[in-house]
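One chain, subunit A, appears in both complexes that follow, with subunit B as partner in the first and subunit C in the second.
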Partner chain A sequence: MHGPDERYAVRGDEVAAKSFDGEVVVVHLGTCTYYSASGSGADAWTWIEEGRKLGDVAAAIAERYDIDADRARRDLTPFVARLLEEGLIAPANDDGPLVSSSPSASPSPSIAADTDYSPPELHAYRDMADLLALDPPLPELDRPAWRVAGDDEQG
Partner chain B sequence: MRVLFVTDLFWPLIGGIEVWAARVVTGLAARGHDMRVVASRGDGLPEKDTLQGVEIDRLPFRDAIEERRLDRFGEALGELRRIKGEFSPDVIHLGTLGWSTMFHLLSRDASPAPWVLTLTQQRLASQNVAGDTVLGRALDSADWVSSVSRAVLDQAIELLPGVAGRSSVDYWGMPAPPEARPVSCDPPRLLCVGRLVPAKGFDLAIEALLALTSRHPEITLSFAGDGPERERLETMARANGLDSIAFEGWIRPDRVCSRMAEATVVVLPSHQEGLPVVAIEAAWSGRPVVASDVSGMAEVVSHGETGLLVPAGDGDALARAIDEIVSDRELARRMGVAGRRHATERFSLESMMSAYECLYERLVSGVERSSAGQ
Partner chain C sequence: MTSRDSTLRTQGTPEFELLLESAKPPIDGDAADPFGLTGDVDWALLLDLAVEHGMVPLVRRWLEDTGWRGVPDAVRTWLDERHEENRRRNRLLTIELLALLDRLKAAGIEAIPFKGPVAASVCYGDLEARPFGDIDLLVAPADVRGAMEVMARSGYAPLIPLSETQRAAFLRHRTEYPLQRPARGGIVDLHWELFHRQFYFPLAPDRSRMREVEIAGQLVRTMGNEDQLLMLCAHATKHLWVRLEWIASVAWLVARHAEIDWELAEARAGSLGGLRMLGLGLALAHDLLGSRPPRAPALAESTDPVIAKLVIEVVGRLEDRSAPPEDWLRFYLRARERRRDRAAILIRTAVIPTIGDWRMLDLPQPLTGLHYALRPIRLLGRGVRHLRSGGGDE
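The block that comes next holds the complex of A and B.
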């Protein structure tokens, strides 16, 4: 595992992320790649984003999902490596703009309580830009509404 | 049958997919199916709407992706999950491969219903179908892939051979318009219909007109549609002194066939097409088609019988083919009649509805999924 005292920061210049309903969606603005993570992956992202040390993140996952701490650390390692590889996070400077790391294992209130554990995973969706270029919709066209007799009025 | 239809593009916008999707949804509702639509929000359209009694929710798929609005992303995903749970569909039909596809993939946990993906894209061959792409995930996990043409399906199968065992070509159909009067070549009237975008190759139609004017002084060309190419095409027409060209703007989908009935030949010089809806409409209108021989076109235009196909991008060949038809009234009429017959056999609304009904029923009964898994 990356060092338990290491902390990381989301690369805010190139990455945007949002958590909702036990899920996190991340977009790399440079590559237009979307990522999603749920369950322990969403938890891990949230706690890493909060600036917690990796050791604390693993401990929090172990407590939340009632699993062995060693297993939590082992599973967290490839997840963090993947986040680094995708350019979503970077090592945080000691004086970086991070919130103070708390060893509390309490999950963030926005994360739904779901204690079925599976290792944190990051799912990528890399081709949205390519896909739209195949046959781009042209919503900017000033097309007329097509409503004929029998169609309903706008509600 | 409860069918949730998810699409980027939908009524009341005009376009091939939009019009097809509206026909599918209202046609199946008229056959007694419980239909519900989730479409992309935008264009000033209301978030909630109905079409002939079918409930429509427009979610911010486009804002979430194009504008990278993650607050909209959460809203769209949450709403799609809620609708899937609330409506509890028997089948989910994805009408487009685009913004909404990713949201469907992310919300698959909200409904166990089998799902159908309709493929319309004409340039799939160069795409990446790795497991971390939307296209790869969609083709790999769809219970059924319904393609608008053989040409498009062949590309999908080449990308992912496993698609072959759970796919079909389901041609788009449309209501039969009234029989048009026989084709008139006096004077020759050419008509181009569609979005004025570079992919349609409409500049080639202007080049062809220029080449034909000396031989057919009364010949005219009209464009029905609009888009970013309009200014360039208008400039091209003016620069060549062609006052026989008219730009009519959009015409309503329910009036396309009556407009085509006033033409001698419908011209489609497209550089690419998945399934050219305009060619189907021309066939139903009993009008010969001169078109470029690109993906899917030959499935609608039978060369020498219902029209003529020419190499894509070849303005001279396009002009020669138009000349051949407008110079021979009997040929033009024969092609028009053959086109109508071809449309009746292959592109009827009823056969399209029956094909989808049959597909949904097989998916719900589990026949297709179990056979695909063997």
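The block that comes next holds the complex of A and C.
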């Protein structure tokens, strides 16, 4: 596991996150990639975003889900590695986060304490640009002129 | 709006009726299928209609609320997949919007979001109830360049390839500018007026009536309900009301916001020459979706015959899936009650250069005004070509 005293900060220049009904959605604005984490993953993200040390995050997960602390630490390691690999977080200074994230109104982790535990996972969706380009299909008149090859009187 | 006691009788294909039912704001939480609508439905047609009308989320929700009774598995799977895509798209755009608002605010620029996530939240109280594909922000004209600089620092680039000269002229003469990140995230339409100038509806948010709406746990400042209603009606008029979801938005806004100040809405619409557009939107919501009539004297008692004709025209087009008319200008003119507004629309359409005009000729800065002189000539040329090719009247 990354050191228990290590803290990380969300790369707020490129990354924004919000919580929707217990699911944390993280968007890498630079790559237009959509990440989703729920359950212990949503909790872990929220606590990492708050600037907690990894050891504290693992302990909090262990307490919330009533699991062994070693297991929580073991499971957290690949999750954090993935966040780093995807460029969503960066090591924070001792004095505080390197970059504060945009205010995410991060709710306190929203999953009930007795929720069944599963290791934190991050789901990535890399098809968002295509999704935005293709859908929703718009009536011809709704297409602004700059998306139409030729002239368009609609402005 | 004309006084009508009962809802309009439509031709009533099962698919269109089901579309209408799913567009209606719920009454007393009753989401049953009292008409047995799902019995004779051509599901492929229904899904086509739902896509065309921006109604996929509402149709799915309605079928889900009725227990998916009679719905083929393949249809349910398709709707679930679209629902998931819609949810991801809307959430991504919402996050992008909120991040952008924060950055603009940090730069001292107030940006007012409209349509998109705001309309979904204000009208339906649900980010996923309507599909949206871009982000619309309104800033004061004096803040446009500052906002563009903030956006450039955030990685956004203009979508319209214009020279510096063209861009300067564009900012002077147009009302919005689209930007996007290179990774092709959401397109952000940066507006400094709500509507393009040919449409001529100078609605600007009433600062004294601004409201906050909670979006993903964050309070966002946007226009008041009365302006929201006017904006929705004018926007749909601009696009000839070709989507049922635009009518649903009006109906849901009215149903969910009993606090709407109808006299104010009426006065605002009247002062801007938008009374007929407002009346049309409310009439469509009432006649098609059973929305309650407004408690505003002029709107409730209006016998404006043009509104009734426009309702019939719009509903006919919705039902028979006919293409929007090419003579959108005629619709614009009929949707306005004041002669001076109609004249302004005509004049502006004839002289204000379109993007095509800007692109056709990159004039040096001192000569950009010539675009206004060239516009009527270009229009005339198009008309002649159209007649020579055997086209009908435009």
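Throughout what follows, the second predicted complex is superposed on the first by the 112 of 155 C-alpha atoms of A that agree within 3 Å, B and C clash if a C-alpha of one lies under 4 Å from a C-alpha of the other, contacts with A are read in each partner's own complex, and residues count from 1 in each chain.
Quick note on the criterion: contacts are C-beta pairs under 8 Å (C-beta built on N, C-alpha and C of every residue); 3 or more make two chains touch, one makes a residue touch a chain.
Treat the numbers as computed from the prediction; the structure is a model and nothing was measured.
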| item | value |
| --- | --- |
| Touched partner set for A:R126, first subunit B, second subunit C, both or neither | first |
| Partner chain(s) touched by A:K18 [first = subunit B, second = subunit C, both, neither] | both |
| Touching partner for A:T31 - first (subunit B), second (subunit C), both, neither | second |
| On subunit A, the residue positions that both subunit B and subunit C contact, one per complex | 16-18, 20, 25, 27, 29, 34, 125, 128, 131-132, 135, 137-139, 141-142, 144-146, 150-152, 154-155 |
| Subunit B - residues contacting subunit A, complex | 8-9, 11-15, 18-19, 40, 42-43, 45-46, 48-53, 62, 65, 68, 70-71, 73-74, 77-78, 97-99, 101-102, 105-106, 120-124, 127-128, 130, 132-137, 195, 197, 226-228, 250, 252-254, 274 |
| For the subunit C and subunit A complex, residues of the former touching the latter | 51-52, 54, 56, 85-86, 88-89, 91-96, 98-99, 102-103, 127, 131-133, 154-155, 159-160, 174-175, 178, 181, 183-187, 189, 196-199, 216-218, 238-240, 242-243, 323-324, 328, 349, 354-357 |
| Of all residues in subunit A, those that touch subunit B in their complex | 16-18, 20-21, 23, 25, 27, 29, 34, 36, 123-128, 130-132, 134-135, 137-139, 141-148, 150-152, 154-155 |
| Subunit A residues within the subunit C interface of the complex | 16-20, 25, 27, 29-32, 34, 102-107, 125, 128-129, 131-133, 135-142, 144-146, 150-155 |
